[in-house]
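Heads up, there are several structures right after this.
You will see two complexes here that share chain A, one where it goes with chain B and one where it goes with chain C.
Moving on, here comes the complex of A and B:
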């Protein structure tokens, strides 16, 4: 079908699709090689519809968005197919028409708002630009409109914000500005590329609410690109699953997530810890293998190499995007068996969905997907199996740490006391800036506490690592969020591990080699990767090496600071499984820091919640996540976008911004934002530590029974999440 | 911001003291001595010693330094031992000449190199970009004494297009001076153009890859607005720093060029003063150049701060 035909058709029918991508093929050219990124992608989004595109990083999601906006990198070319936006072929637009079209008809919101805003330009000028160049307004009028735009995205004090620079705003405020800019001229298509990744759960929820609320007013179609399935479930009507440049499944969000019909979708859904799941229940499912490298020849179905259900026919010929429910897949398999094998080629006609059905899956065996074999042992790790005992391995008492920022004094950790049992995992949650990492660094001695004590295995620890004994250094280790910055890029992984073994285990040369081999086997890194440098490893492999490094000296306590946050969900699952496994085999205790509450809930035995430098709640993982719990915890929990369609909680908005650490609120530190605010009592008096049940304490004026009653009353739909 | 500037100005004081001590010490280890320089090679050693004693040049180093420093800070820069003229006015005249040469070169270098560099950066990997990158790089590696000699031989001696001397004859109108400065300025331009242009190019290439440029383009801004509003301001930050440090060099470091073109600038004066052991003149020259060097760096940092609100407000 030619472009002319399609445009004619589009105008004949009801309004043209907001976005109509047809058999799109995009190739990147790197060092003389052609690397196909998108291999015949077809999708369309109706006006006003929200479409979610999910998949692991590297599968082509962002490339698709960039192709749709005609903004491919210089080495990327559209080899075939079309992108029609409201019936217009994007590739035919002239430079000037393209410019007008961007910003007026389409707009984009980016993953990292901090880098998406021009650093040296005032917010007002950046937003006003849109009006100046699209509506030809004078500077003063444009600024006036910018003010309205900022008001529309509910930024506090728009006048002051207009004069600010991006670095003066918080991450959530920056993202609001980006959204204000995108929506300034009421586009018909809004592309959201990981709009909440990297933001705190509460901020994420705010942004999500804002997008939902604005959607009702602007009627823009949305293309949401994300790896966060919960986000898609929350916002989108339809979903496409992209794998290695191919749409492998497509359908209405609810049906696709509750009844996936492609093994990859099923795998993605099984990887993420369901909310309320704990490691004692079951190990997390993983997707074996890794995403194929760009340009790697794939035999037949793109997913067959990692698919637990793959059969010979899958590598014989690639399946089409078959309608579901139907027997098209079965027929396709039979046809493929009858035809000569053609494992490498895929032809454009394979790309488009077959038939008009709402759901499609690129699999011969969609019918069997619900019975897809489990990829990991289902048994969980019980406390007993881990050899946990009642003795305390770590005791923190009244730890305090203050930083100086110019003339201000910021107390990052205020009067925190907690204890950690042998073989236990203590999860630490809270928004960024709540003091989690500072506390962890006080434990490891990377930062000296100003006052308070850290007792490890009954011995009082010196405040800085440099003054601690060799044994204490070996026994307390840390795993960081970003393995890229922890592993020396110039060394081979074997050299990195060898050094750690020498330093931490003090082994002699003969046994060092054996120890390095054992460590890498323990973290499931194949020996051939030991010869490579970190840059040649995948993110998951790097984090495995970083974990192996921490375990080189047989530690008794490992502090994990967001160890899986930067990884794809399937990789995250395997890292979490690895940590649980190592805990069982090495009988080690963990302090586990994460902003992902489902992850913390999964891996932790006990959980501590931090707010503004204080530990405001401590208890077993299950108790902390269920009422009665601190109103802040309640708000945090309500803010996570979940995959659950039936038991969706009403989000509890946190009022106002996070107060400054230099001037924390009087009385209860949370009173400025609390939805269960009692009045003067909360403002004037520091709340007592209340005990909900033995071992579960929280810092609030409301007694447990009242709190329980109130919290149950507010969420009748789901009294217990676990 | 004001505090930052104040602190930087205060920091200049210890730096200048250190520089003055260093120059004094270095003049001491140079072969020869003041008496010999004044009396020439045919005087007897006895005559030289007597003169040195008269001039106080045989006193211990620290004593001579203390005397000189005491005079210098109270504004008594004294007279040049070589020329007999007051140091202050002599140095200032030479400085004026040097500033004229440096300013002339800069006025051409800065806009040209930024233009060329930014243009190459915007057209990254194009034929033109490669041509610019290679030609500016090859210009940078030619030392100024080589290019200077070639220029003199070709344009002055052979073709007679430009004068050999860098100074017009006495009584010529001031404008003529620029005509005479063309030849000496070219070697400087060749050196600096390549350096600054490459900085501007790299800065542009880096900024173009930033997500906020994508934002600006996808906002539907016209190309000129993207470049002038978003790219340049951020791309030129490293370039400004480099220009700052090069200005210092252009003013005080032109020893070779001034020598080659027999130009009465401060660089030439420094050489002569050092050879003659004319310490008061040498010290004054060096310190004036040091002050200008530090000031130009400070100005560059202020410009950077003006371009970057984060630095401006953090200071």
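Moving on, here comes the complex of A and C:
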């Protein structure tokens, strides 16, 4: 069938699905082993529809996208099933046809925009290349079209952008360029693989708006792959939940998220901290167990090992993807009971959804899912009982730090002062480059402050760790962000902990082993993992060991720099619970850095907001997250994609890009992007620090009562002007 | 009774734990070894090098004496009696070629080890401390790199005399700058990692961080760099002895043999070509090992 025919088919005759994946099975071959990644995945995306595929790492999301575009790596094979894009079987295309098809009908946007763009080519040349290659345009025409397409993705000043190199653009702008290139060919199917992961919340919101806005114009079907449920809730009509290579639930986004019918979906929804929730309210829900490793044999239902409602029949035979609402699941369970147990095999003809209903769930007991038992750990002592009043444990005064970058001087932390009470958690939020991590490292002594003082328990701290006493080091420890580099890969876990105990706790050698065992028990790492090297541990386990290491010398302040950001949602919850629990039992204070506002809100007692090296707002978690608050905080809060379908805040767009740290704006540093900009006052004068209530201060020219009135007026209840 | 039982229990547990850890380590090592053994490049390289090591040690057991002269059989072409022919003193070229591996195989590995040791220390210090220390060290390294290896070694050997030990030290010293660069860049890649920061936060001394934290994580680039240097060291050692700065006659050393027999190159090419091929094969063997190692490591 020629391309023209299939086009005709797609438009005139019964419209073919934009993407039709049928019983797809993909296996990876690694180190001589066959690892099944996708096991009979079936999904269907109509033309113009947006479909969200969610799941945690290793469940096969990206593999599915790669298989759909025939981009599978050399060690991956499609063992069974079909991928039809607009009715055409992708596997039958010749190399030449495949190349043409990828350029004309489908496009993909990857997670990291920096790697999708060639660093050595100007943006204009890269975007124009798409038109020159696929439409055979001359250079001048192609550039003109490139300019248009950059305008379409709302890049400011397209002419200047055309002349720039990728490194001269911010992450958000780079992702816009990548999207512009993807849309340049007018694709019928657009695959977005974690398009906003790694971008700041405000940038993520911009990209989200862009995609939403483009949807009205381009009529492309979208396959959105992400672990971020809020993103899917925002963008997609239908959602599929993938677990261990299986679609476990599928249905319209709103229904699926408000009334999940598979225990895994329910678990995922429960373990992300709901916005506004605090640790004193309840511990976070967790999903017990860990994600199965790639290709791990799973008995019966893939989720049964972690499911709080699993029954014997679940491991007897795997359930099909039953229509919901119906009693198909119950019947399936009865059938499974009647048949001989066969936990390993699954029948390919059952891989497809059973029946034509809109919703499906791969569970025998979908009806009981709403009553799924809560899986929150019991937190011993009440958090309220902590004596969080007894004096300051840490006092930071006028800390300043400047880095040299060639001839430029970048001030990463500018005049920051704050204090921390005993047993308190101080949350630090702000976009990347705002100076959060630099400030944290000044506290721990990993980076020396140029000026200013850090006083800990009344004692002035030396500026670098190397010059601090062993007592001072033990008292202030740090948990790092990246689970893959936080532990020395050459050491066994036990060696890592033993060394920390020796250096920090200074115990006699007899009790070191006992202390190490206690630490690992405290962070719930089974003793057998102590024998392993970090490479054999999961991300969550590595982070637990890193936490145990920080607690080796009974610290009194632990700086946590995005400790759970690199982890999957279900693991993140258990790490946060662990930190809260350790705080209660060890009476330690935290400085907690995160870009995830819901997480910070959950764990923090007080919160500081940083923007361009300055601390612009400090207050209790409750106060900072409610008006009156700094306009920047307001914008930041409005940018989070929430699962809440009914109470969506109108997003406040931040104008322009983040200014450079080497030349911060005059007056108020936020004035270039502020939606409550007052005029010359903001440009010329540095704003005063205003006190909304005792202990809640912010740096802005607008006085608290006016700010409160303005911000309440803009709440979603009242009509919002754009 | 009970306390004793508890102690015993924990001891057995410890022992079991240690055994399991050792097994785990062996499993990982076994994976690397298996991958190497599956690489034909590596295996062929190892076989060639092992052949020469074996010959360097045991060749006299199979061949005639490399020094025995046969005045009535000079410059004979290869025959059943003398497979590689004889040289101008009637010595068996096969015996000399096989035995000639010995000096090169003493000089090159020792010189390489020296270069790794010195270059390792310099690279660790420069890469770990960075800043002014790094600047000064690396500028000095640049100066050393600008020296032509052969000319410098000839000058030094002329100055200090030409013993085997001095040749080893000179080659080792001249290879140090290159090695230190490789190791420095590997160290720089590691020092910003979070586990190094964690070590600083528990008050480890710099020497400990360099030797125990960073060094174990850069063994692969060090091994690859070592085999690369080994190939060059074979070359340099042969060149120096060709130029007369190695052992003197009647040693069967390849470089020396090529130098002394080259007058007969036209009339009796076998006297020169066999040692030359032998030298080439050793260098190729070492390079094959390098390629095999780096492709397995990079996976």
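The rule is short, and it goes like this: the second predicted complex is superposed on the first by the 690 of 722 C-alpha atoms of A that agree within 3 Å, B and C clash if a C-alpha of one lies under 4 Å from a C-alpha of the other, contacts with A are read in each partner's own complex, and residues count from 1 in each chain.
Criterion: a residue touches a chain if its C-beta (ideal position, glycine included) is under 8 Å from a C-beta of that chain, and two chains touch if they have at least 3 such contacts.
None of these values were measured; they are calculated from a predicted model.
**Student:** Following the overlay on chain A, give me a clash-or-fit verdict for chain B and chain C.
**Tutor:** Result for chain B and chain C: clash.
**Student:** Should A:426 be classified as contacting the first partner (chain B), the second (chain C), both, or neither?
**Tutor:** neither
**Student:** Please indicate which partner A:465 is in contact with in the superposed arrangement: first for chain B, second for chain C, both, or neither.
**Tutor:** So A:465 only meets chain C here.
**Student:** Pick one for A:473: touches chain B only (first), chain C only (second), both, or neither.
**Tutor:** After superposition on chain A, A:473 lies in contact with chain C alone.
**Student:** Quick one: classify A:167 as touching chain B (first), chain C (second), both or neither.
**Tutor:** Only chain B; A:167 stays clear of chain C.
**Student:** Which touches a greater number of chain A residues, chain B or chain C?
**Tutor:** Partner with more touched residues of chain A: C.
**Student:** In the superposed arrangement, does A:632 touch chain B (first), chain C (second), both or neither?
**Tutor:** After superposing on A, A:632 lies clear of both chain B and chain C.
**Student:** After superposition on the shared chain, which partner residues are touched by A:69: those of chain B (first), chain C (second), both, or neither?
**Tutor:** A:69: touches chain B, not chain C.
**Student:** Just one of 165-173, 183-191, 273-281 or 291-299 in chain C hits chain B in the overlay; which is it?
**Tutor:** It is 273-281.
**Student:** After overlaying the two complexes on chain A, where does the chain B footprint on chain A coincide with the chain C footprint?
**Tutor:** No residue of chain A touches both chain B and chain C.
**Student:** Of all residues in chain A, which touch chain B in the complex?
**Tutor:** Its residues touching chain B are 69, 71, 74, 99-104, 106-108, 110, 112, 115-121, 129-130, 133-134, 165, 167-168, 178, 181.
**Student:** Would you tell me which residues of chain B are touching chain A in their complex?
**Tutor:** These residues of chain B touch chain A: 125, 210-212, 214-222, 225, 229-230, 233-234, 307-310, 313.
**Student:** For chain A, which residues count as touching chain C in their complex?
**Tutor:** Residues of chain A touching chain C: 31, 444-446, 465-466, 468, 470, 473-474, 476-478, 480-482, 485-492, 494, 499-500, 503-504, 513, 527-528, 530-533, 536, 546, 549, 552-553.
**Student:** Okay, in this complex, where on chain C does chain A touch?
**Tutor:** 14, 17, 20-21, 24, 28, 31, 193-195, 197-204, 213, 216-217
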